[in-house]
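Paired with subunit B in one complex and with subunit C in the other, subunit A is shared by the two complexes that follow.
Right after this comes the complex of A and B.
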């Protein structure tokens, strides 16, 4: 029996299929290069372990009263670990989603993708979903290892709020990644743009230190980054043992940034797509 | 069917200088210089990329310094003084990272110099030129070292201006001698990485691996004594 469906339902199904196909394609790529999976599983530990040794050389122990003055906690190791795990999402969103359009250009498939009769936004949603899945797998592995070896405390009560914060942070990051993808259509140097954005997050977001450690002007820049609010909220729950109502302001601000970033991201991407199609510069690299 | 001789007829035969003659050394030095110039021309064709790479060492150092300042009270650490003889965390970390930058150059820039030629499709052409392959790598290494030198100088000037560094003037000359000796070792290390990058197509993982492990195991921002015994 053939089910008749209206154009809206068909469109919804088609878009879902588009997202699904993109997820499957990206997962196949990841499985084809297991060394990349191993890299993202192991190397983030190398990047933050130097901070732990550095802390031990300076403090001579696991707690720093001086650090507590601005961070609110003297335990610098969990502080660094939470920063590193959440920062992993920044790296995968910038290099995964932001550069994905340029990768299609390198592979010679961008022309076909952009000329296909589908909503291009759903292609990017598919890329974002697959990146979210892989990033979350890495984050779970990292958290699991850190709970066992570094004594990170994770209670059941904070898991749901943390998941909400993570979802909001990922939405904001992918809004920024969309802007990056749009810009890379026109300016081509996606890797440089991604690197520059990575520096902004590394310095202005409270990944390795609290925001209060920065000068006032730098704190203002930090306040525009979704990672900032996510880190403050997650650390408040996990390290400072605060309740969910105590961090509602951070979550509200994170939501506002998400809306702005996603709106700007889609607008910029569509605008750049039209511009590059007109100029005929889509597959140039 | 034509014989090989018919294809090569009319081509000028070039004699490759061999051995340790003055003419040969001059030719190899020229090749090193030309390789270095070629790399600079490519580099400066992308000014945004060049600028980004020059400020990169500073950007990566800043979070490390801010973290250290938060841990130590007013940039002084009694524990560091006990371990290494100086309590000034900024000077200790900055000097470590100034050197680490050149190790990064050996691993990334020198290591990828040959692989880059493969990407550009020019590896075969430079391999058949009548010059030593070592000269080709040294030319690219010369560019990498000067490039890193610019980044390091910028890093040093900004850190000196913002944080201030307590350096002993009389120690600078011996430090430069040690530094020059280290550069020879790094050259060899760079050549080793470049050969690995040719074998393994995902060479960036090899470079990242070496760089990360060296950063952990070298006394860059902490003395070796804080590492577990096996890592020491």
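Right after this comes the complex of A and C.
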């Protein structure tokens, strides 16, 4: 029997199935390209080891009074490792979610996503969830290796607050990734845009150095990045041994940045989608 | 559903549908430093392509409607506008009673789309995974999707290979999956853009049979955009000839072909025709309407074809043959034959057909 009228009422089950299908699709891609998994597992180690050696070469050891003064801790290695692990979420969200729309266009599947009656937000949520799962798997592997080989201390009490911080950070990052996805509909070079954004995070967020090491104007830019608050909060819990009430301000600010980023992300994506459908750029790659 | 004055039932109606693309000019690496001219500042010099120019058409429910035209005629743009992938600049279309500008979600649920061929699937996933994923985009709960995917795989005779990745499929099998995807949500309307492009004769025939059955047995309305005139001729109830974004004619294939009388049509197949064939032959047969050369891939054994249409073309056969021989053309055949849709296209549009245009 051919359907005669418009779409069926969307059920919660159908939306859940859509998110689930998107996750399954992305996970199967990941399994189909095992080198991606190996790269993201190994890459952060190479990333932070260079900075440990560089730091040692500059200050002549693992302690630096000036670093301790600005960071509040003299433990440079755990400082860098936390930076690398959280920065991993930035990379996977930008290259994963942000670039995935471009990949769909390149594969020729974007037209089908856009001409389907589903709410596109659920496709994007599915992409975000699958990236979160893979990023968390990488983060757990990294943390596990760092606890064993680099003497990172992880107490059970901080695990829950760290999880909350990570979730909030991821939400903000996906807002930014959505903006990137929207821009890539028009400008196409998603990889280059992601690369540029990656360095914006690296320069203005306290990944390799404390925020205080930046000039005042750069610190202001850094305050607009969700990674900044997440790094400050996680380091406060893990390195400065502060408790949750001491970081509630960072959590609150992170939440505000999240709301802004997600709102702007969806707005920009929808606007760019409409714009490119008018200009015809949507089908170009 | 849309009713016209005669109370016919239309599934698709386009009303002054227009789409214009701006051409991007490449000004070189330092182009942004160049001073803008007056025309550029006012926007009057903007280079544009009118892909669809006030297209008006009505497709009846249950009709297999062909859209025939060469590459770049506007077929794909029309399909993309109807499927809401592109937003038209002017005019609109009504699909299954829903406006493509205002009721996009309803339009999308009413259509099944085949566009872009085999590349538009996930090759790293299996056929079943692909179909399950695309079913989820159509608001189907998992259980219903699973059942429907099995039905569709059986319909396509692909159940036994459903768990193989598409990268291991042949082009024809992948195209079958692309057609299967369009049927997942059981839509009343199918928009098919070149569904047999690049397929071997066996798979082309299978897809064509499937298309015929989907329309005649299941009652779906089908818009088939193609540049294969034989496909349009064989399958379609009515055909619209589109050229330069405009509909040049709409009618049944028989009536369209009747526009060219048998005595009006001569086709000379030959190798090595003179490069200015049209200008060379024109003074010899002044009463014919069109002389056009369709170059064949002679290196691969496909001769070029010279079509002489209109007037009393038949009368000039011997003159034309003698004239071509004088220019060292090797004539392989001369046909005074039944007109085809290609001849109709040439007569209506006066267009020259390049190799790979309409075939």
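What we mean here is this: the second predicted complex is superposed on the first by the 272 of 285 C-alpha atoms of A that agree within 3 Å, B and C clash if a C-alpha of one lies under 4 Å from a C-alpha of the other, contacts with A are read in each partner's own complex, and residues count from 1 in each chain.
The definition used in the following text is that a residue touches a chain if its C-beta (ideal position, glycine included) is under 8 Å from a C-beta of that chain, and two chains touch if they have at least 3 such contacts.
Predicted, not measured: the structure shown is a model, and the values here were computed from it.
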Looking at A:141 after the superposition, I want to know if it touches subunit B, subunit C, both of them or none. Which is it: first, second, both, neither?
neither
A:29 in the overlay: touching subunit B, subunit C, both, or neither? Say first, second, both or neither.
second
Let me test your reading of the model: by the given contact rule, A:154 touches which partner, first (subunit B), second (subunit C), both or neither?
neither
Tell me which partner A:62 touches in the superposition: subunit B (first), subunit C (second), both or neither.
neither
Touch check for A:279: first (subunit B), second (subunit C), both, or neither?
second
Classify the contacts of A:113 with the two partner chains as first (subunit B alone), second (subunit C alone), both, or neither.
second
Partner chain in contact with A:129 - subunit B first, subunit C second, else both or neither
neither
After superposition on the shared chain, which partner residues are touched by A:202: those of subunit B (first), subunit C (second), both, or neither?
first
Once the complexes are superposed, what residues of subunit A are shared between the subunit B interface and the subunit C interface?
33
Enumerate the contact residues on subunit C facing subunit A in the complex.
19, 21-22, 51, 80, 83-87, 89, 96, 98, 103, 105-106, 108-111, 113, 115-117, 119-122, 124-125, 129, 132-134, 136-142, 145, 165, 181, 185-188, 218-220
Mind listing the subunit A positions that touch subunit B in their complex?
33, 35-36, 39, 43, 46-47, 49-51, 53-60, 64, 66-67, 70-71, 76, 80, 189, 192, 195-196, 199, 202-203, 207-210, 213-214
Going by the contact rule set out above, which residues of subunit B touch subunit A in the complex?
46, 48-49, 52, 56, 59-60, 62-64, 66-73, 77-80, 82-83, 89, 93, 202, 205, 208-209, 212-213, 215-216, 220-223, 226-227
In the complex, go through subunit A and note every residue touching subunit C.
1-8, 10-11, 13-14, 17-18, 20-22, 24-25, 28-29, 32-33, 107-109, 111-118, 123, 274, 277-280, 282-283
